[in-house]
Amino acid sequence: MPILTIDQVMHAYVTNQSAVLALNHLSLTVERGEFLSFLGPSGCGKTTLLSIIAGLIEPTKGRVLIEGKEAKTMRQTIGYMLQHDYLFPWKTIEQNVTIGLKLTGKYSEKTRKQTLALLHQIGLRDVDDRYPYELSGGMRQRAALVRTLATDPKILLLDEPFSALDYQTKLKLEDLVWETLKQYRKTALLVTHDIGEAIAMSDRIVLFTAKPGKIKRVVSVPDSLKACTPFQARQHPDFSPIFQMIWKELESIEQT
Amino acid sequence: MPILTIDQVMHAYVTNQSAVLALNHLSLTVERGEFLSFLGPSGCGKTTLLSIIAGLIEPTKGRVLIEGKEAKTMRQTIGYMLQHDYLFPWKTIEQNVTIGLKLTGKYSEKTRKQTLALLHQIGLRDVDDRYPYELSGGMRQRAALVRTLATDPKILLLDEPFSALDYQTKLKLEDLVWETLKQYRKTALLVTHDIGEAIAMSDRIVLFTAKPGKIKRVVSVPDSLKACTPFQARQHPDFSPIFQMIWKELESIEQT
Amino acid sequence: MNKHEWLQRIYDQHIAYEKREKRIVRFFQTIIVIAFFSLWEIASRFHWIDPLLFSSPSSIWHLFITKVRDHTLFSHTTITLTETVLGFIVGTIAGICFAALLWWFPRVSKIVDPYLVILNAMPKVALGPILIVALGPNMTSIVAMGAIISIIITTIVVYTSFKEVDANYIKVLQTFGATKRQWFTEAILPASFPTMISTLKVNVGLSWVGVIVGEFLVSKQGLGYMIIYGFQVFNFTLVLLSLLMIALLSSIMYQLVSWFEKKLIKRA
Amino acid sequence: MNKHEWLQRIYDQHIAYEKREKRIVRFFQTIIVIAFFSLWEIASRFHWIDPLLFSSPSSIWHLFITKVRDHTLFSHTTITLTETVLGFIVGTIAGICFAALLWWFPRVSKIVDPYLVILNAMPKVALGPILIVALGPNMTSIVAMGAIISIIITTIVVYTSFKEVDANYIKVLQTFGATKRQWFTEAILPASFPTMISTLKVNVGLSWVGVIVGEFLVSKQGLGYMIIYGFQVFNFTLVLLSLLMIALLSSIMYQLVSWFEKKLIKRA
Amino acid sequence: VKTLRVAEVTRSIFYAPQYVAIEKGFFAEEGLHIELNTTWGGDKTMTTLLSNGADIALVGSETSIYVYSQGAIDPVINFAQLTQTDGTFLVSREPIANFTWDQLKESTFLGQRKGGMPQMVGEYVLKQHGIDPHKDLNLIQNIEFANIANAFASGTGDFVQLFEPTASIFEQEGKGYIVASFGTESGHLPYTTFMAKQSFIEKNKDVIEKFTRALYKAQQWVQTHEAKEIATVIQPYFENTDIALIEKVVDRYKKQGSYATDPILDEEEWNHLQNIMKEANELPSYIDHSILVNTSFAENAQKR
């Protein structure tokens, strides 16, 4: 059974001025452990789709099933990471990364220790009692990752998690996230604008058309690239052709 | 005679707490028509250097000569473009792009026409009477480029002009800026964090050490890459080796 | 059913829902007004509250009609409105000018800083009597009271916003060799426009406070005068009518400024 | 000369310059105070101004000493301070509670919106007499005046900041299945903390205004009473002493809140 | 025509002769134009006069004593008296058939604010009747003038000291009952007087004389006319007040002789005022009649 089934999902945003279709007849299945990237023009509904999968908004039409059950009832199995870290500035790093545990009632000395261990493992040492403003952008995004992973979700939704970082930090974090997810065998959906990032990190890339979002094409990444870390993949000879192909595909989407 | 000579420049920022050295014994010469990129860790003094060249701040020690004259007296020959567009939100696009002409007293029907023509040529049509908030990030950055070029400066200083844009827009603008500068045979200094961008756009790349900024190494880009547009260069087989080399160089700078 | 029809139906549902919501809100708003005034009327009729002290909506209404007929309400209102608008304009403009001065001369700003703090913290209404001594028992004092109450806070807020203008706008101007005067007219002033407009909103309220307090002290006409005089002759209907007029007019002025703000700031 | 010595020298030059600058500023500040008070004294001595109306620094000083000796100044000040602090606390807390209520029940917020606008625009000082009727001629009325003047603006400002809390913080909490109550305690409330603290600064000033106006209306003690009594017996020295005390105390309270603000908000 | 700026302490039927003088054209006959400004409260009125905001002030004579004892360079001189008794009444919450002042003992008494003439006369009268205002009853003196009536109406106090027309309104509405007049108890004293700065008087002797003459005419007119006629004349100054009420109040003041019949402020009245102030511990120092009162204008006015 696929871990995630998106079945004929449509979503319309209704304001007092008009009703706008954001997602149009969208269907997709994702297998356990897969890493998918979503690429598409701005405003094509990628964030909307993630919110629906996370059970935060209800699709106007269609269903989203996680392990065969309604998404809304499965919130606990999902971790969501946003573009900016959205660490709570008034909480210490420890309080920030354990908030999920507390809210879901999973907080115990054991889970707390595990979470802090993960924090250290990911390269954040001696920051437990610091406040977010004392950390650099990259460190904050790492803490946000730990917060998301702390509740042990089965599916990770990553909404442009690297786009606010500078180039080198971003490349390094890509590797880190990729390795962490592989290690814990998580299923992940990544939204990005960076074609290179999509190719480097994922198993399949879903290309969206412009408003209303619809799947234009699903591109499978060659096994040769899948095997490498994102940084290596960017240097791999197979990288350039697939980059060119996706670039042209997106160009054609934007022109329509 | 080189168009720009930086001669043993040192700069210290003095606050009530301490004096911090931002630039340390920096020397460099740039020939007319050259395109240089500055790469280096955050806070190493790149923006400081540009401000000194633009004559906006006086170096604590050393001299900057433009065509052999003191930088402070040569402000008119320099165009400066910042990370964000800094278009004035209360002015229309036309008022924004012609403000330099008005302030330098070069405003006339002729220069106005020329500037608007450049605006159109660069892909901004029918926006003369729009306000900046009505434009997308990429369009705004283009307008900022036109504003900078309008006064016909000899040297262009570009301080991370693409870093706030999304990936695809950025690649497209790189090409556009590169072509425009080549066409008008401008000298340009580009600050960036993106190694790929530096390689793709420039003739030489200057690597800075961390605080205080000092030139670690100057890398010449192979002619094969110089000949291509930035987009093509990124796909070029010669790209990857030089990228790897610079990456390692920067890694080593950051570790020290 | 095609996509457009489907969207249209969703939209219609939404609009229907919104309409219902709006009706509910309007309903309760109306209920509150009606309940308030009728309870007041009934309580007054049945002497649950003292009609002498709390009057009643009907007597206020009758007085209102009488005073509209003989034009006296109009003249009192005009006086107070004039004073408020004048106080408001003087306070706002003077505050902005002071702010410009402080911006232009940073050393002056450093020097006067502690005095500004004191003047700002000082409850200006306490200065009323001094104003009478200084300016005499006339409209000037009242307008001055309306102005003085907003001048310091305007200075501080506008000056702060001048200082907070993104230095990069100045940097852009500097690269074109702009003078300090041009920094001000091309960047500082327009960039602070939104702040200035929102100070206006505060100033409207303050000017009303100043003028009413001023009219309490000296006046022969105006809504503040009507209150004081109403007390003197123990005519609370008059007092309450004045209070209602003040509430009405100050709300209208406030709404005008808000509307003005929305019109001007949409591009920020 | 090595790099460190060089930097040290630059630093020393800067510090020397800063010290000089600071001295100049202090100098002018002192000059202003001295000039102000001595001009006042001289003008009063030489009858350029009416010493009856404007008193003189020396008489104020003598009165101050007398009143400190017989402890009356202390008791008046304590009364006013107590009222102000109480009014301030009541107004602030009640305002925050109302804001929480409006946030929790969006429909209530829509319903009361126009009434809030009216109440906000209304010059609250005009309500003083109504308070006396409602609460009696005692300290409660004065504290209520101090509270009422800040309650509406606190409600509005805090509610606005509740609404402006970045929705993504809520999104983060939602992904962990948080309840609405948890949204409030975990995100809305702490995120609005800075706004609340800066409302405090405004409220300090407003409470002073409310209490002084309140003391004008009913009081047998307090700095506002000293002003009124001083006027009644034409002892302007007493009036000015009270005004100076008010200026001093309100500035101190304001500085306390500012200091508190700085301590708490540095992490934002 | 000479314009005179007059600041009156409050707008009250108690000052009926002043409005009569304006309305019946007595000032105009003397070639004077009166610009009347109400500066609510004795403090503000006197401040207005001192800061040259008015030429003439109508206010209680005690203010001139306060000002003088604070060391005024240019003292304020009383030159014409308008009212000669206190203007307040004792109002009780419950009707009392046979009132005696003893009944005030142990009660809560809502008096006027400290330092003002009504308060001092109030205390004096109580003492005259063997009552110690600070021991024998619960005295409330902390409420501002305009708010005393509503404090009583909203339930504070058993007795209250009120001006007109409030006292009559209370009686009409059954809120209270006038049981005594402080005016009849107080004896004659300069309760409200026209005054001006010495320097102004010296420079404008003729104007002051004309002013006093016009006032005297009005005082005589008030003496010789019915309350009803007086009420009709002064009604424009009391819009929103029922004419019947005005008439009633005028009548009450007229009957108890509150309106001075001539502008002369004699020495006896002056000393009586100072005694009352002294009793109330508000007299800074004793000031001689000759220093702060100038009766020559009033005397001249009477001669013609």
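Letters A, B, C, D and E mark the chains in the order given here, with residues in each chain numbered from 1 onward.
Everything that follows uses one rule, which is that contacts are C-beta pairs under 8 Å (C-beta built on N, C-alpha and C of every residue); 3 or more make two chains touch, one makes a residue touch a chain.
In UniProt terms, the chains line up like this: A, B = Aliphatic sulfonates import ATP-binding protein SsuB; C, D = Putative aliphatic sulfonates transport permease protein ssuC.
As the structure is a prediction and not an experimental result, all values here were calculated from the model.
Asker: In how few steps can one go from chain A to chain E if every step must land on a touching chain?
Answerer: When the steps are counted carefully, the minimum from chain A to chain E is 2.
Asker: How many Å are there between the centre of chain B and the centre of chain E, using C-alpha atoms for each centre?
Answerer: Distance between chain centres, rounded to whole Å: 84 Å.
Asker: Which integer distance in Å separates the CA centroid of chain B from that of chain C?
Answerer: 48
Asker: Can you work out the whole-Å distance between the CA centroids of chain C and chain E?
Answerer: 39
Asker: Which positions in chain D are in touch with at least two other chains?
Answerer: Within chain D, residues 53, 129, 133, 231 contact more than one other chain.
Asker: Counting only residues that touch at least two other chains, what does the list for chain A look like?
Answerer: Correct list: empty.
Asker: Identify all positions of chain E at which a residue touches two or more other chains, and write them in rising order.
Answerer: Residues 43-44, 47, 50-51, 146-147, 150, 153-154 of chain E each touch two or more of the other chains.
Asker: Which pairs of chains touch one another in this structure?
Answerer: Pairs flagged as touching, ordered by label: A-B, A-C, A-D, B-C, B-D, C-D, C-E, D-E.
Asker: Could you please specify the touching residues of chain D with respect to chain E in the complex?
Answerer: By the definition above, chain D touches chain E via 47, 50-53, 129, 132-134, 136-137, 216-220, 225, 228-229, 231-236.
Asker: Mind listing the chain D positions that touch chain B in their complex?
Answerer: 3, 7-8, 10-11, 13-15, 18
Asker: Name, in rising order, each residue of chain C that touches chain D in their complex.
Answerer: The touching residues are 21, 24-25, 28-29, 32, 53-54, 107, 110-111, 114-115, 117-118, 120-127, 129-130, 133, 204-205, 208-209, 212-213, 224, 227, 231, 239, 243, 246-248, 250-251, 253-255.
Asker: For a test of understanding, state which residues of chain A touch chain B in their complex under the given definition.
Answerer: 42, 163, 166-168, 192-197, 235, 240, 243-244, 247, 250
Asker: Touching chain B in the complex: which residues of chain C?
Answerer: So the residues of chain C in touch with chain B come to 166, 168-169, 171-178, 182, 186-187, 190-191, 193, 267-268.
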